[in-house]
Each structure stands twice: as structure tokens, then as C-alpha cells.
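Naming follows writing order (A, B, C and D), and every chain is counted from residue 1.
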């Protein structure tokens, strides 16, 4: 599909269901995309951090993107993560993603290496020039320590290198400074980068980001409760902030399902990804809650807790 | 004054004007308190980070608190920072602050040392027991790396150790989890800690924090434009979120006055504190913009930029 | 070649010469390997951080390894870095490396993701089991924040998962604790993991690491002055510590050639990698000093400084 | 006593024994000083991090310093920590320390605040000018994130602001660069700062630091086994590096007594300080192993482990 800019709305970072052998479960993935589209999401972000992209081989990544593009069927834009350490490697993912039908590319700053802001700018410019494809920067300091400053993002937005930012920094104050620099709530479309989209990955403060003028939200938790985020977004668009905030509060409580893995046994991201997938299995959307190697699986106690959170949030029958 | 709980409203962390010899300029400080009270603030936080407390001797700290308490004259509660590395040292500041009339104490977790959450809990419990005075925890990871988790804060709130949290983490997602754990927007007063106040120090997302259910805001920038934050708070209380957000945007733009110090020459906090004080001097509130040793002063170019920001924000005549 | 354990000696992390188009310059790489072998190094580490592995496509990585293995001609063991984010991706690199003739694999803990020590152990065990090939762990916190604790390394060494550690942590105290836990200077070969090799990547304290009982050194600067590190190693093996230290001091001074890139313009790793390559070009070992995208090149002033450092270290005629 | 420069030898950071009420136990402290002097240490560092200075009130700090100066009786120089957040506060401690007879002052960069290198330089210069007393810089990034670069230290050393550095960074590579910049092993006394002393706080790599040309060592573990460090230093001075390394290995094994506190219950520094004090109590040097609030005490299991470590190191009868 031709991409309409600026991007907006609820664009979940689609989880990648795996079978017990660690291979991509395309049937479950197709059902997950339907689950999201049926809820009314406005786009799909395949191969993001919640999609366990860092755990997938290139072949698996291609399978995922192909499946999502096919399942989306042109109804919403598909953004594709092109996550790798530096320019040349990212560029290879980008070419594959374009060939497979991605509407836009989502790239981080280089990681593993230590990179200067001027080099980060060169990285994005090279990606844009070499592909000619719509490009979104991804700021996720928990994975990529090199931050993208508001000044850098604005420069790349104004010159047309970027069509958007996916901000997973959790640093809403800095995000606010960027939004104001781009014109603020009311003047964004006549500001220095009128087609530039600011998307927040902070699923816990989506209402706040929308109040601040963000265009959309990319919530990992949106895999589990896409309808909740669509309602939140709708309330925000209608200017009903108390309703948006109430919906956000329900989702914040639901987010506790990412915390059930015992800290003494597994990483924080294994617990969160495991929680999303356990919830999707319990909801009947995917067949297996398996996460990729070397993540450890959630235990029975954690699973029961995930179930309780779903019930408390009204997503499945209690008891 | 008898402290009414929960605390609420705009409670600026009062700057500490200095004379050219580095001594506390009590006349300027008294004028600054009037500037804040005239704007309608709901409380004063003396000896916080914006008050350069870490730069003041014990004698200077006492002078500051005495001056602020006197100038406040019981019209609003005065919170006093008791910033030091560990329990015994904090306790000495606490006793002085109580003697000088502080209505509540604001303490961080220990710093310089590495402290376990269980030890942080012991720290706050000892401070509360030993003083019997209302106690507020201060989460400011840029200065004190040991974070205060929502679980820890809730526990200390429920048991009555703390009457509030001043959150300067910039981590609005974690703050939201705490607010929801305490009952959320609508059920805070019937929740597990009904008299507990959540105050945000994030001057760039005060509207968001209030939408999320925070009770008040402690904005360093509120020294410069207290009326702006009072309007923002009023709009939020009235449920007029677009107006609150518009006021916030103006304040975000004004916040650029903290950025004028050249990165190659001075620290980020020197630039921010220097910016606040330069603005207060330009507005005629204080006599000298001097900051404490070893902070370097802002240069002429920076000063001119601070002036421009004030004009753009409507706080002084253009040009 | 059949790998003789424990590994030992000087094993430089081979730089990857590029042509002006960013492709691997195999002729220069072959000359670089000769330069190293002629100096008497005891092994080669292809595709490490100094080899710009994070910047190379899979195809380029294969070209590099093939070239190094061919040039080495079985005279010394060739270690191959298999640097990628997680298990499945690392495993693909491992299979290629084995097919191309690598004698041992060098893998980090997962990165981009946040991984628990138990998951890191699972990662190395899976790599070992799936390949059956000798495996070396690579601790490089500047790139991979998840540290490898002495307890974890010892466990993986004792059980036979690892044949070595490449320690680029710069944390010589923790390294010393590992060495002592493995038996110390005198009892390593009768300790809990007699065939396990401890290799330091700290090119500035190689003498100290050898005094502490390390088996070898993997110095990036060894590309430029392999003979210096071979002399240092020889002096240490002969127990002539003052001579080892004197050689180390000369190399510490030479290391200043990594610092010539202006901080305001380029990243620290670009400056270091650019410095190594500029020196190799000036010494006539490689044809081009080009570094991979998006690294910025060193300017003329930096080049002159690199030349001065080479002269001061006695590696080229003065003036 | 008149301070002889450069400082050198073993200069333990003296622990501060407390009684069960948390007050300074001067009798135990006096015995501890004798324990150190009897072992042949070359100086004493009172009020350092191992002395729990961050936990002591100003009154307690004065008691400590007075006791140490008296007990030292002019036989070795007494260095005094003047640990506080910024210049004015440090200066007050400095004046007290000079009045109480400290031979030199040991100060960190500012903390709690974020400080630019130029401001850190101003801090040390002001302290030096205002006191006229010998000043040593203390680099301890675990407590004070602002690092002291080799370039900054060299500048302050050459101009006479500093007479020494206490390096507790654990970053031996950077320390080596400083040592080489100051002239290296052989030319330090004719280098740019001939009277400047480099003291390492890394008790696990003291042999390496001495091989690199450091003048002395400030080991926390030296409270427990001062004779061991004196032997290590003596072997190093005699050029017997294998003996120095063997002694170091025994001390590295002994250092495990800092690790007995369970991570789930107490901070790393509580475990280390508690371990030192438990060992001193078991050795009969001090009366109580109490640590200051809010540190939690070691449990019985930890105590037994400390005892085992002492026995294994030959410091007390087995069993």
C-alpha cells in the first residue's frame, strides 16, 4: 500500500509466535495479526523488540515479515524493524524488508559499537539514501545506549531523512521537548516537519503522550489487549482525557503480567516477552507461549499469575 | 502551621540566591518567596536540588530555611530538604530543620554508598521514628543512583513511614505504576495510603502527571514562572486538559533557558541552575545570578539567550 | 590444525582492511597476517571488535575468515569471532566459521536484550552442544553490558563448556579473582579447569595480567606493533618483569594513537580503529586506512599525530 | 609531622570501629591503629570510604581523626578524608582536619551534582588555595561518577595543586596511562611532577600497580592483614615479583570475606565493610563488628564464612 503520512494511531509491535522447536509458527502469527486488525489497530510493526527480532535468524525474520504482510493484506501499513549493529548490516535487512513489502523501515542507532551523534546522523542518512524507502528512527536506550537527542531527530526530520520516531526511551520529558520543537499540539502540521510522526513505545503513558501531541502508540501490551489501546486512542482523539486515562489505568494494571518471572531466575525481558506470549496462549490467540533461546520459560506459578491479571482486566472469565 | 495532608498543588523547589561572595542573600531570598506566594503557589520546598543544597554549608542551609519559613509566614507549608549521604547525617539536618519550623522533611536514599532496598527502607523508617516528623521520599536518580521502586514506596506509604514522594526520576511509566497501585485517579483517597501525596519533579510533563493522578508538582522552572505552573495546575484541577497542555508547552519552550551553558565548558546542572538564576535576576526578583562553587558562571552569550527565552514566553518585554 | 590447549601467547584481534568502497581488501589482509606471523604471534583472532566485525555483512565476514585462515596456513590457531545478538544468530555464524576452518569460536553474552546469568549460561551451553567446537567467552562490557562473573566463567570452564575467556572488561581486579579461583599462578594446570585459557584484551596492562597468571594477550594495538607484544610476552615467560614492564610502557605511549580523533566529531571507537588503520597504512602494511560506515574518517591533523606516535615508539623514521 | 613527599608504601584506609549504640569506639580504634603500625604500614588514611566516613556525623569524624592522629603519634603520616558533596562543604571538613593534625587531605570530585571537568579542576584548586595544605585527589567512580582523567590529574599534579592520587577506579589501564604520562617506572622522579604520588586503592592488583610504578597502595583489606600488604610491598620494592604476586594471590583469596552477605538482603558495601569488621572482631583487634545505619548486619552464616577465610589465609587457627 502507499503509505499515508504522518503515521498515526495504534501500531502494535507484533509478537512472533514460535513452535516448540523454536521455529516461527506462521499459523499463530496469522491469527495474531487478525486479532490485532479485528480490534481496529491502525498499523503493524513487525520485527520490533517485542517481536523478539534480536533472537531471530535472517531466514526467520523474512518468514515473519512475509506472514505479517500477507495477513495484513494492505488494510494497514506494515512497518518492519531492521535491527542490527551497523549500517551495512542494517541495509541488508532493509533490502529484504522492502522486497517483502514493508511500507516503512524502523532502524536504531548503531549498537555494540560506540557511536558519535554525527555518525548516527550519517547512519540514518545512508540508510535513507541507499533505500529511498520511508525510514523511522527507533530510540530504545535499554538496548541501544546511544540516545537520539531532540535536536538530532528534528534535524533528520526536517531534511526528510526520517518520517517518524519510535520513542521507547521512557523519557517523556525529552519527548515533550521534541514535540514542542516540532510545533506542539496545535502547530505540528504547519511546523518544521509537517509529515513527521512521533510514536511512543511507552505503553504505560500512552494517554500522556497523546495529550502531548504524539501521533501514535506502539505498545507491546497491545498484542494482548489491542482493543484497549484502540479505545484509549479513540478517547484521546475525541478529547475525552478522563476516559483515556481510565483506560490507561486498566492497561497499567494489566502490565503487571510482565513481572511474573522471578528476578532470581530470568531476565526482565524474558519475563515481559514470556508474559505477553503466555497471555496470548491463554486467550487462545497463539498455540504456544515458547520464547526464543536462551530465554528461560515462565513457570507454572507465573502462568497462573498471568491468568489472574487477564481476568482482573476483564479479558477472560474469572476463576 | 499544622500540615494538611495530602500535600498538593504547585510547590516550587526554591532557588537559593547568593551574593558575590557566595553567601546567602537573604533579602533576595525573601523577595523570591514573595514572588512565589504572590503567584499563588501551594507550598515551598526549601533546600532541594534546585536550591543548590549540595553546595551549601550547614550554616548556610539553616539561614536559607529560617529565611524561607519567616517569609512564608505560615501561609503555605514549607518542606525542607535534608540532603546528605546516610542516616546519621540526614538525621542531624532533620533536627535542625524541625527546630527551624519546617512542616515536613524531604530525604533521599543514601548516596555515595551502595545501598540495598531493605537498607533504604531501614533508612526511612529510622528517620521517621527518630523525628516523628512528616517525611517525604525524594527519588532523583541523576544524583542518587539507588532507585525507589513502586513496591518499596507503597510499603512505606501504607505503613505510615512516608507522607509523600517527590519523584524526579523522569520515569513517568514507573510513576504511573505507583499511582495505579495506590488506587489510580479516582480511588487514591480510599486506596491503601489515602493521605499519601505523589509530587512530580518533572517540570516538562506536569500536565501528564496530573492527568495520571499526581497530587502536585515541584518544578525548578517554577522559580522563574510560578504563575504558569499555578495556571497549569488550575486547568488540570478544572479538567481542562487542552489548556493545561498548552500552558505546559509554553513552559517546555521556556525550559530551553537551562540549556544555554556551552557543554564544552560547564556541567548540565550548572547550566540549569545558572539559567534559573539569570532569569530571576533579569526579572528583577533577585540581585545576583551567582551560583555556588565550583560551578562556572554563564557567559554573556548565554545570558542573552536566557533573556530571549523569557521574552518569547511572555515574561518580559521583547527586545 | 588440531588446537592445542590451553591457548597462550600473543593472539592479536586482526584488523579488517577495507578498500575505498568499503569492501574487504583481501590483499591487504593477507599482508597484515604476514606482518603478524613474521613477528612471532602465537595465534590470530579474526572477526573480533578490532576487526570491525559489528560493521561487516555476513558475506564480508566470511571473506575475512577465509582470507585469514588461508594466510595463516595452519602455522598458528585461528580464533573466529561469532558476534551477534543471541543464540540462534550466533549459531549461524559459528557454523560458517567452522566450515571455513576456524580452530575455535569466540562468543559474547547476548546483547540488545537484557539477559540473566542463568540465560547466559544456557546460551554458551547451547552453542557448545550444537557445534561441538572449542568455545571461548568474550567479556566486553563496553559493547555487551551483561558481565560474565568469575563464578559463572569458572562453572562453564570446569564443566567443559568453555576452553577460554577473552577478557576485555578492563576490570583487572575481577580477572584476578577468576585466576585465583582457577588455581592461581602456580596451580592453574592442576586446578579445577586445567586446559582453560585466560586471555586479556587489556593491551595497557598485559604485563600485569601475565604476572597474575593469564595465559595470553589479545591486544588491538598488536596489529600495529606485534613484535612489541611478542617481546613483552617473552620477557614475562622468562620472568624478566622489569623488561616486560618497560616494553609495556612503550606500548602504552604508542596507544595514544587511538586518541587523535576529536571528541566533538567522532566516537571513541572510530578514533581507535581509525588510529590502528592509519598506523598500518603509514607502516605500509595495508593500502587504505578506510573504516566502515558510519564511522567518520580521521582528519589530516590526526594522521600526523598517529605518525608522530609511531616515530616516538621507534616504529618508523622520525620526521 | 612534616610530610615527606612523595607518599609511598602501604597506607590502609582505617576502619572505624563502632560500639553497639553506633558511637565511635575509640579504644578499639586505637588498638586497630596499633595493629596497623605494628605490621609496619607506612601511613594511615583516616576517614576514607572503608572508614564509613559517609555514615559518620561531623562530630564522629572529628573523634575518629583525633583518635587516629593521637594513636599514630607522628610515627607515620595521617591522611584525612574530607568527603562531601561540593567545595564549601569539603572546605569545612578540611579546616577541621588540619586543626586536628592531618598531614594531608583526600578529596573527591563533587558528587550528587553533575560536574564538568573544568569545574572539578576549579574545585581542587580552590581547596588547595584556601587551605594551603597537601591535597590528594580521590577517584572512586562507584561513589563519585565524575571520573578524573589522566590529563586532568597530570595538569593538577604539574601545577602543584595535588601531591597525589588515590585511585579506586579499578581501571588499571587508565591508571597505567597516567603513570606513563608522569614518566613511567624509571623516570617518575625526573618527570613533570616528581613529588606526586600515585596510590592504588585496588587491593586485588596491588602487585600489578607497583610493577607499573605506583608509589603505594591503600587497601581496605589491609585493615585485616596489614602484614600481608607490607610483605607484598617489600617484595615489590626488592624486585621479587613472583613473591609479590604470591602474596597478592593469598590476599585475593582472603578478599572473599567481603562477599558473605547475601545479595538478596544487603548492599555490596555493607557486605564488604561488615566482612572487614567481622574479621577484625574475630582477630581480637576490635570489640564490636557493628556497622553504621542503615547497613544491615551480617548473619551467623556469613560470620562463620569470614572465620573460614581467615583460617585459610593463615590468620587464625583452623577450626
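The rule we apply is simple: a residue touches a chain if its C-beta (ideal position, glycine included) is under 8 Å from a C-beta of that chain, and two chains touch if they have at least 3 such contacts.
For reference, the UniProt names are A, B, C, D = Dihydrodipicolinate synthase family protein.
In this text the structure is predicted, and so the values were computed from the model without any measurement.
Taken together, subunit B and subunit D share no touching chain. Among the remaining chains, B is positioned farthest from subunit C, on the basis of C-alpha centroids. Each chain gets a centre from the mean of its Cα atoms; for subunit A and subunit C, those two points are 36 Å apart. For the pair subunit B and subunit C, the distance between mean C-alpha positions equals 49 Å.
Among the residues of subunit A, none is in touch with two or more other chains. Every pair of chains in contact is given here: A-B, A-C, B-D, C-D.
On subunit B, the positions that touch subunit A within their shared complex are 170-174, 176-177, 180, 184-186, 202-205, 207-209, 211-213, 239, 241-242, 245-246, 248-249, 252-253, 255. Those residues of subunit A that touch subunit C in the complex are listed here as 22, 49, 54-58, 60, 83, 85-89, 92, 110-116, 118-120, 122-123, 126, 142-145, 265-270, 292-296.
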